[in-house]
Structure formats: C-alpha cells, structure tokens
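Take a look at the structures listed below.
Two complexes are shown next, each including chain A; its partner changes from chain B in the first to chain C in the second.
Entry: the complex of A and B
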C-alpha cells in the first residue's frame, strides 16, 4: 500500500556546498540519498513530495561537516500482512517465477507451487494446471494475499498466497535497489 | 527451505490499530545521522539474525496458518477470478486454512502517515512526474527506477476515473465498521460483487450485518466511475 508520511533525517553537508544555494544542495542530496531506497520499517521510498523544515546546522567536531535535521514528506510503498497485491509475472523458470508489484519484486519458489501445476518449458515457459485451466506465464496477472511479513533493515520478507486459491507460497520481497 | 535463523516474526499490530491513523503525540520519525559517504537510513534495530538470504523466506517463521483460507465463495463471482490467457490465478477448491483474524489487514505505520489508495497515489505521482521531467534535464540528477515502477503500478491498479469521487463514495463506510485499511483495499481491488469483497477482505465478515447494505451501495456507485481499460 502507498502511504504519505513525514520522516526526518540528519543530512551532513561538506562546507564546500555552503552558500546562497545551501538549501537546494541539501534537498538535492536528500533526494539522491533517499529516493528509491527501501527500509524494513517504512518500505520503499517512492518519491519525496516536499521538505517541511530544515533545522539549524550543527558543526561536527573534527570533520567540519555540518549536520542539518531535515523533515520531509514522501510517498512510500510497503506490503502488509493481510493485504492483497496484484502482481505481474516477469519471469518463469523451473525454479519458480518472479512477479512485480510496483517497486517490489516477488519470487515464488517452485517448491511451494502445488503439484498439480507443472512447469512447461518452451518459447513461453509457464506453470499450468493439469486441466489447463490456469496458466502462469510472463505478463500474467496474479493476485497475491500476504499472510505474513518479516522486516529487516533493507528488505521485507513476505509469505503470500494466491488470493482465491489454496496455494500457500513463501517468497521474498526485496527492493530493486539496495538502501546503500 | 532455508532458515533465516530465529523466529524473527513481525511483531503483531496493536489491537484496535488496524486504522492507518493513530492518535499519538509523536508525529515525526527521527532517523539516524547520514554521512556523505554512507547511508544510515534505517533507524530501528533489525532482528539480530542477518544471515544472507538465498532468496527464500523461512517458512517456519513466516507461515502462520499453514493452509490457505477459504475463498471459494468469492471465486464464483466477478471477472477478476476468471482464468484466461495470461489471466489471474483462479480458485481451485479452497480449504479453510487460516482464520479471518489471521488474514486481517495489519497496518503498522507511524501515526502521522496517511494511507493512499492506488488512485490517490497515481494522481500524486503524476504531479511529481511533471517535476521530475524538468529535473531529469540535469544530467547529475537521476530519476530512480522505483519511481517509474511505482507510478506504473499505481496507474494500472487504479480502476476508477477520479480519486476524489472514490473517497467520497467510500468514506461513509467508516461509520459502518469498515476501517481505513479495508476501505483502501476496496479501492485498490475494485471488486464487483459483495461476495468478492468478503472473500478478499474476510475481516469485514465480522460486521457483515452492519456493513453489507452500505458496501453494496458503494460498489454500485463505484461501478459508475470505473475507468474503461
């Protein structure tokens, strides 16, 4: 789900950036450091929507860098337990399949795909049920329900199941770009 | 299945906190210092085990119920459940495996956060994209790939023509036992029938006697503003 949230971060700036455009430099650095990152607590930071406040700078002893507390608003995306995600399959192989739901990538292992869905190799690899009624291939849309999450510093692990099915699938949802 | 070590299960949300907004005096999240060379974005202590993941989550620590819940009733209604070429995964004969309480949406965001549905996020990101286009002319500024992905996801997940109208239609459901998270899920999924709603959001079944009529009215109103795709 998407959230609009206020976060605060201490930004350090080298004295060479001081001058009439100090605020712009701080905001540019904030965007560069934060946008596209993922934290286990807030999820993916999609975009910064505004800067609420930049506090007074504090010179750090020994280095000369100045630390500014910056309060900013941003849009974040994070999966939650009980949430339903509509994901698009991006790759299918004999190990399982990858799907994407926005900025998060979901891997579904073949170990947890039911036995009645078999991997079919070929030009368009896919998983198909024995009666051929359901086929999961690239560009397929799948609806996944998250039934458990665990957060780490830079990624979120989720257990999902296909909504409206009895499939129980464990996967790792990880960001496209590491937090650092 | 590789064990990531320890039972690092996500702490359960507080009772009554399924609402995305909470009354709390703390309205700012304080993060650790940043460095010009390193990033220290995450401010909370992570679980003690940090073994390298092999791409698979531990089934022991994450699986809570072991079996899927029953959605068979909802599977019979609505186009969303039909299987077709590249279509969505459909239902087989589901057996109840997880209780409705276990599948309840557990939002655990800071109290100052505002929940956005896909349609609201799409409109917000659309405006930001306009600014980003200007910024992208500067070669030193790179637009993150995640922005495009999130924007695309929000647009494709937006089933309606106007976020404002969606909000006006769904907001009154709060008076009938539907919380913010559930309203957001209804807006994001775009269900067509009441059975689909209860199948995908089983927590609403607890107050079915109160909310069924109102949800049916809301679905009818939403059908009028559904975007053609």
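Entry: the complex of A and C
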C-alpha cells in the first residue's frame, strides 16, 4: 500500500553550493539521494512531495561541509502483512510466476499454486484450471495476500498467499528471495 | 568460574542483536491493524490518490529545464504505471468523494484505502478483503456493509 509520510534526513552540502540558490540545491540533492531508494522501515520512496522544514546548517569541523537537517514529505510504497493487493503477472514459467505490484516484485512458486491449476507451455505460457475458467498468464491481474514480509536494510521480500477469483486463500507462496 | 553471566539482561541483548542485523522488525499486521509506529505515523493513500499526486509531480518535472522528467527513478515509473492501471476512480472530484464517503463509516484509514482500491461488490467479498471489518461491532450486519459498497458504486456510476 502507498503511504504519505514525513521523514527527516541530514543533508551535507559543499560550500561551493552556498549562495542564493542554496535551498534549491539542497532540495535537488535530497530528491536525487532519496527518491527511488528502499528502506526496510518505510519501504520504497516513490516521490518527494514537499519540504516541510530546513533547519540551521551546522559547519562540520575540519571539512567545511555544512549539515542541514531536512524534514520532507513523501509518498512511499510499503507492503504489509495481512494486506491484499493487486499485481500484474510479468512472467510465467514452470517454476511459477513473477508478478509486480508497483516497485515490488513478487514470485509465486509453482509448489504453491493451487493443485487444480496446471502449467501450460507454449507461446504464451500460463497456468490454467482444469475447467479453463481461470487462466494466469503475462499481463493477468491477480490478487495476492501478503502473509509476511521480511525486511532487510535495502529491500523487502514478501510471502504471499494466492487468492483465486473466489477469494479462497489457496496456498502459501515463497518470496522472491527466500531467506528462511 | 569462566562461564559468562547469563542474566536475563545479557540474554535479551544477545537475542536482539541477530534480529537487528538481519533487520527483522516487529510484526506489523494489517489484518489486525498494527501499522507503523514512531514519531511520524504514515497515512495510507488510495491508488487513485497516488495517481493524482504522481501525475502532478510528473508535470512539474516536465516543466523543469534540465530534463527532469527523463531522470525519474524506476520506482517512480513503475509506481505511476501501477496506480494508473489499478485506480478505480480517475476524476479528482470522484476520488475526493470516495474518501469523504468512506470516512463516514468509522473505518480505519488502512481499511478505507483497501476498500477504495479493491472495490468489493458484496459484503462477503468486503469482509474477506478486509478481515478487520468483522470484529468490533462497527458493522453489525451485512446491510451496513452493503450500504457502504452501494455508496461507493454510486460514485463510480456518476464519475
């Protein structure tokens, strides 16, 4: 799910940037440093939407760099245990399928795809139910329930349950980067 | 006696160290509504709201002279494509109305956003998608859930 959040960061600036455009340069550096990053705590920083406050700069002894505490607002994407979200299937093979939800990639292993769905190879590999009513292939939209996340410093791996069209939770699926 | 002191204090420290190194955090469970903590609480956003925010930001970047729009991160691009695809409501007024309407039903923000994102058709589907709706007595009967879903679908109809 996406969240709006206020974060703080200490930005260091070289004296050559001081001048009438100091604030602009700070904000530009902030965006360059932070947008697109992922932390375990907050998830992926999708976009900075505003700068709330820039504190007084502190000259660092010995270097001349100045540190500014910056408070900024941003949109983050952070999947949570228990959340049900929609994802797009990006690749299907006999091991399972990959799906993407925003910046997060999820792998659904074939061991955990419902038994009544079979892998079918060909030009458009897919998983299909025996009666042909449900088909999962590239570009299919699926609903997944996150049953656990494991976060480390830079990324989030999700453990998901695959929810079929009737929303019965079918099976447990291993994350893209299993670490258990 | 060379045995290290196994007081409960030192055991706690040992237990915590590996967890901190692997970055495991305390359980955050949407089903039970435990989300985030700390000085600044995150506010959940619906996909359709994020679509508007990112579109606005994209336009701002395009107006910048140094080709800012070319330098957006992959995270931004994927997120923008995702929210455009999975927004049930496109019109900004409708988006605002969705939040206003759902706010009348004593929902927690996370529940509100999940419902606004997934737009269940029936009370059963809503309760399966948002299990936290069930306990607590806010929705004593399916009628109340149905009314809420009906209000949502009316917004879609007149979007």
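Just so we're on the same page, the second predicted complex is superposed on the first by the 160 of 180 C-alpha atoms of A that agree within 3 Å, B and C clash if a C-alpha of one lies under 4 Å from a C-alpha of the other, contacts with A are read in each partner's own complex, and residues count from 1 in each chain.
The working rule: a contact is a pair of C-beta atoms (placed from the backbone, for glycine too) under 8 Å apart; a residue touches a chain by one contact, two chains touch by 3 or more.
Treat the numbers as computed from the prediction; the structure is a model and nothing was measured.
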Joint occupancy of chain A by chain B and chain C, clash or fit: clash
Regarding the shared-chain residue A:66, is it in contact with chain B (first), chain C (second), both, or neither? neither
Now for A:80: first (chain B), second (chain C), both, or neither, which partner does it touch? both
Tell me the contact category for A:113 with respect to chain B and chain C: first, second, both or neither. neither
Give one of first, second, both or neither to describe whether A:26 is in contact with chain B, with chain C, with both, or with none. neither
Return first, second, both or neither, reflecting whether A:103 touches chain B, chain C, both chains, or no partner chain. both
Who contacts more of chain A, chain B or chain C? B
Taking the superposition on A as described, I'd like to know which of chain B and chain C A:92 touches: first, second, both or neither. neither
Do any residues of chain A touch both chain B and chain C, and if so, which are they? 1-7, 35-37, 40-42, 44, 46-47, 49, 75-78, 80-84, 86, 100-103, 141, 143, 149-153, 167
What residues of chain A sit close enough to touch chain B in their complex? 1-14, 28, 31-37, 39-42, 44, 46-47, 49, 65, 67, 71, 75-78, 80-84, 86, 100-103, 107, 109, 111-112, 116, 129, 133-137, 139-143, 145, 147-155, 157-159, 161-168, 170-172, 174-177, 179-180
The chain C residues in contact with chain A across the complex are 22-25, 27-32, 35-36, 40-47, 49-50, 53-54, 57, 72-76, 78-79, 82-83, 85-86, 110, 113-114, 117-118, 125, 128-129, 131
Given the complex, residues on chain A that touch chain C span 1-7, 35-38, 40-42, 44-47, 49, 75-78, 80-86, 88, 100-103, 141, 143, 146, 149-153, 167
Would you pull the chain B residues touching chain A in the complex into a rising list? 1, 4, 8-10, 20, 27-36, 38-39, 41-44, 46-47, 50, 53, 55-59, 61-69, 71-72, 74-75, 80-81, 83, 85-95, 97-98, 102-110, 112-118, 120-121, 124-125, 128, 132, 141-142, 144-147, 149-154, 156-157, 181, 184-185, 188-189, 199-201, 203
